[in-house]
Each structure stands twice: as C-alpha cells, then as structure tokens.
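Lettered A, B, C and D in written order, each chain numbered from 1.
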Amino acid sequence: MSVFEPKDPGYRAAAIAMFNGQPAMQTLGIVIVRLAPGEVELAMPYSAAFTQQNGFVHAGIITAGLDNACGVAAFTLMPREAGILTVEFKTTLLAPARGMRFVFKAEVVKPGRTLTFCEARAFAEHEGKTSLIATMTGTLMAMLPRA
Amino acid sequence: MSVFEPKDPGYRAAAIAMFNGQPAMQTLGIVIVRLAPGEVELAMPYSAAFTQQNGFVHAGIITAGLDNACGVAAFTLMPREAGILTVEFKTTLLAPARGMRFVFKAEVVKPGRTLTFCEARAFAEHEGKTSLIATMTGTLMAMLPRA
Amino acid sequence: MSVFEPKDPGYRAAAIAMFNGQPAMQTLGIVIVRLAPGEVELAMPYSAAFTQQNGFVHAGIITAGLDNACGVAAFTLMPREAGILTVEFKTTLLAPARGMRFVFKAEVVKPGRTLTFCEARAFAEHEGKTSLIATMTGTLMAMLPRA
Amino acid sequence: MSVFEPKDPGYRAAAIAMFNGQPAMQTLGIVIVRLAPGEVELAMPYSAAFTQQNGFVHAGIITAGLDNACGVAAFTLMPREAGILTVEFKTTLLAPARGMRFVFKAEVVKPGRTLTFCEARAFAEHEGKTSLIATMTGTLMAMLPRA
C-alpha cells in the first residue's frame, strides 16, 4: 500500500525497462517480484559462484540486490525523462547470507526533485524460515536533461 | 609502507588462502595485486556481464571489490585462529565505473581485538587515465573461538 | 509492542541511570519520553543556542539525539554488567530541523552478545505538524568485563 | 596544499561568515584554525557540559565538529550564490573522545555542481599526545537559486 503518487503514469514499464537493461541483474539471476510506486521487491536464487569463504553469498552481491531494489523504487517516482544513479549507500550485515533464495525489499522514505532517499532490507529463505540478513539506507539521484 | 605489525607471522599465506577460498572473487575475476600488513590492492577486469543500464560496472560489484579489499586488509592483522566477517560498510559513488580495469586499495585505519576499521578506494582505468570512482569505510569483526 | 526480552530485569532503572549520567543530555534538554525493551523515545526542545546558519537545529545536535536514542534502546537489552559504546552511525538528513520540539525514536533491529544494530528516526513538531526530518542506522557495542 | 580552484574569489570571507552565522559553533566553542580551498581545520575545547556517561565528549558533539568541518570545506568550492546543506554522513568512532582539545580536519574528495563529497577526521589532544578518535564521510549539497 503505497503512499506515493508517480509523476510518470508509465512508471511501471519504465522501471521494468531500466531493470531489464542491466546485464548484472541477469547474471545474478535477480528478478522483480513486486512493483508499486516507491516500493519494489526483488528475488535472487542462491548461486555457489557468488559465495565467500564460508559458503555464504558475498556481501557485495547482497549489496547489489539491495542497491538495485533502492534504485528501482526511487525510479518509479521520477519523471519520465530522468535517468538515475546511486550517490551512496550503507549496508549493515546482520547475519550470514545463508539460504537458497534471497529477497530484497526497498521503499522510498522521501522522494525529491534531485535526491531520493530509500531504505531496503534483505531476507534469506533457509530451511523454510525467512530471516532478515541485511539492511541498506541509500541516496539516489535523478539525472535530468538540462533545460 | 605499513605501520602495522601482524600478529600472525604467516599472515600472508593466511590472507591469500582466505581470498582464494571465495568463489565470488574468481567469478568476478578479482585478483590480489599487492599485500602488506594492514594494506591490500586488488584488481578486476571489466566484464559486460556485471554492468548496469548505462554500460558501467554495477555499484554492487564495485562494492564487492571494495569490501573484499577491506576484509583482506583487516585479516592480515588478525590472529591465526580468527575468522572474519563484515559488520557494515558505506560506499560513496563519486563517478561512473567506466573503464577496462578497476583497482581496489584498502588500508586498516584502526585494528582491534574484536573490531577493525578500514578505508578503501576504487579506481577505474579508462583510456590511459586512472580516476577515483568510489570510496568505502567499513567495520570488520574477528570471529574468535571461545576460550 | 516490543518483541525483545531484556536480559536484565532491572533494565529500566539501568537505562535511565545511564541516560541521566550524561551531562550532554541535560545541556541539550533531552528527556526520555518512553522506554521499553529495545525501544526508546526521547524529546528535545528547540534552543537557539544549537542552531546553524539558517536558524535550524544543527545536524550534529539532531545526531546527538538519534545516537542517544539508539544507545538507550540497545542498552535495555544488554546484561547488567555491560557498558555501552557507539561503534558507528550514519545520519541521513531528509529535511531541515525546523520546529519547537524534536522527537527521537529508536528501536533495536538485531541485538547481539557483542554488537547491537539499531535504527532511529527524528521528527520535528512545527506549527502543529509532525514531520520526519532524519534517520539513523547505528552499531552499538557491549563492553563486558573480561572473564 | 590544496588542489582545488575556488569558484568564488571571496570564498574565504564567505566561508567564515557562514561559519560565524552558526550559534551552535559558538555554544560549542568551535573555531576555525585553518582554511584553504577544499580544506578546513576546526578546534574545540573540552567542556564537561557536553560529555556522556563515562566523561568523554558525546559522539553527537564530535559529529557536530566533523560535519561542520565538511560543510565549510565544501562551501569554499561553491559559487558565491550557493547555500549549503548536509545530505548525509557516517561517523565511525575509533576511540573515546578523551582530551582537553579536539581538532576536526576535513577535505573535499570530489566537488560537484550539485553534490560535494568530503572526508573528515577528529583528533583528541590528551596528555601531550594527539590521537585519531573518529572519521566521517559526508555528502553536501549546494542550494542554488533557480534560474
């Protein structure tokens, strides 16, 4: 239940096109599960190719999912002509990324003409249980054509 | 020129083994270029498979390199029996990750029995020029067997 | 409605004593409004002495309130013999700190033996309206006497 | 030795005026020690009124010094008509703020038309020794009058 009004009525198609334009998402197997104005949920399967020394998914890969969730959530509220880039984010790793499926949920905390602030949470599905494994706060920037 | 004294004389082999134990590093093509107590330099080739919608390397992948540089740098100063995990990091993206080769340099700012604080910088090599594209500050934790 | 079980049945008195032991809180006029296991709400009046060049409360002062809210929230879940210190935090400033009263709400996201992770939000009360002006994510550490 | 060229030849007077316009700085006793394009050093005396429960200066007060150092450093590189605000910062607390004098050094990592990225370090002077106690990375924004 979103509280934001998209500026671009075609936000949904635009966000999906932006997401699909990212080879990194295909390589990591990340897909969009849910999309609403200012909100997105992504999912990623476990892949041994992206693990660290203890067999858990690497923090950078979890961060890629969280960052992309923030980016898509922010992008749904931007005007049609905007591009988007990430300014900065902080990832907090609460628990090892152990599981067969990972979910990344992001929502916009405050949209703005130039900067949009998002929060995201990563969950791991392991042996029938879902647990919070990481959080992100991030700043996204709209790239607008100069008048 | 490092100012830190490693606790484990075999720190070099231990750090290389920890790094080589990470499938994600092989998948991303990241290698160790330089290693000293509390300092490390990694390098990664460009790969179209890890790009975002503008053809630049994804921020999550740059973060994976930065985080790993911090982890290896911190690990060189930990005792032999320690495992390591990342607690949190912040990545600031100063410029698009455009280039054919990326370098990640990390150094320990303050080592500790439990927590070690690191800083890292990512550089892109593009058309003969090297430029700073991202910075990280991170907190790493030593996992010690309980007495 | 807290989901955490305090380790110290006297957590309430211990948290209030820790808070009251901070001269900075008295100087800033910050008081505890609500306290539960893993949750706290603080309030601070506007003071011209702590403003920046536009007449808004300085970001460092807002951060002092957010950090203290995180610290007290984390402290309620620590064992009786623990001291507490802040490891790091990130503050995101969503809007100017304009108002006559400020509220800082923190909650524990994940408690741990050594590290506890918290999130906090700052609100400004201005002309009868309450608005979110800043967020924090922070890492707190329990200082335990060595066995 | 600064590497940045100020856009406003009167940057020095402008930065000092902005700093002096902040009542919070007077209240905390913070002064400018050194100022150059993209670089600043501030100093603050110890004050018992701003300590926490262990007698150290409160992390929020250290953050106020670090944030202000970043703000002034960024402001020296902005055009004359710009206002400035802090977008976000992360503070890492490496050691307790114990000492009779504190120094905050900030420098611009990357200036930009809209966003400027800074890094700062806080030092404590205690019993004749100066030690690094905290670091900050922050994002500052230029507020420009719309054309």
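Just so we're on the same page, contacts are C-beta pairs under 8 Å (C-beta built on N, C-alpha and C of every residue); 3 or more make two chains touch, one makes a residue touch a chain.
Computed from a prediction, not measured in an experiment: that's the story for all the values here.
Taking A-C and A-B together, the pair of chains sharing more C-beta contacts is A-B.
Taking each chain's centre as the mean of its C-alpha atoms, the one that lies farthest from the centre of chain A is D. With centres defined as mean CA coordinates, chain C is found 32 Å away from chain B.
Rounded to whole angstrom, the centroid-to-centroid distance between chain A and chain C, based on C-alpha atoms, equals 28 Å. Distance between chain centres (mean CA atoms), chain A to chain B: 23 Å. Residue numbers of chain D whose C-beta contacts span two or more other chains: 87-88, 90, 92, 139. The touching residues of chain B, when paired with chain C in their complex, are 87-88, 90, 114-115, 139, 141, 147.
For chain C in complex with chain A, the touching residues are 90, 92, 94-95, 109-110, 117, 119, 132, 135, 137, 139. Touching chain B in their complex are the following residues of chain A: 18, 21-24, 27, 48-54, 57-61, 63-68, 83, 85-93, 96.
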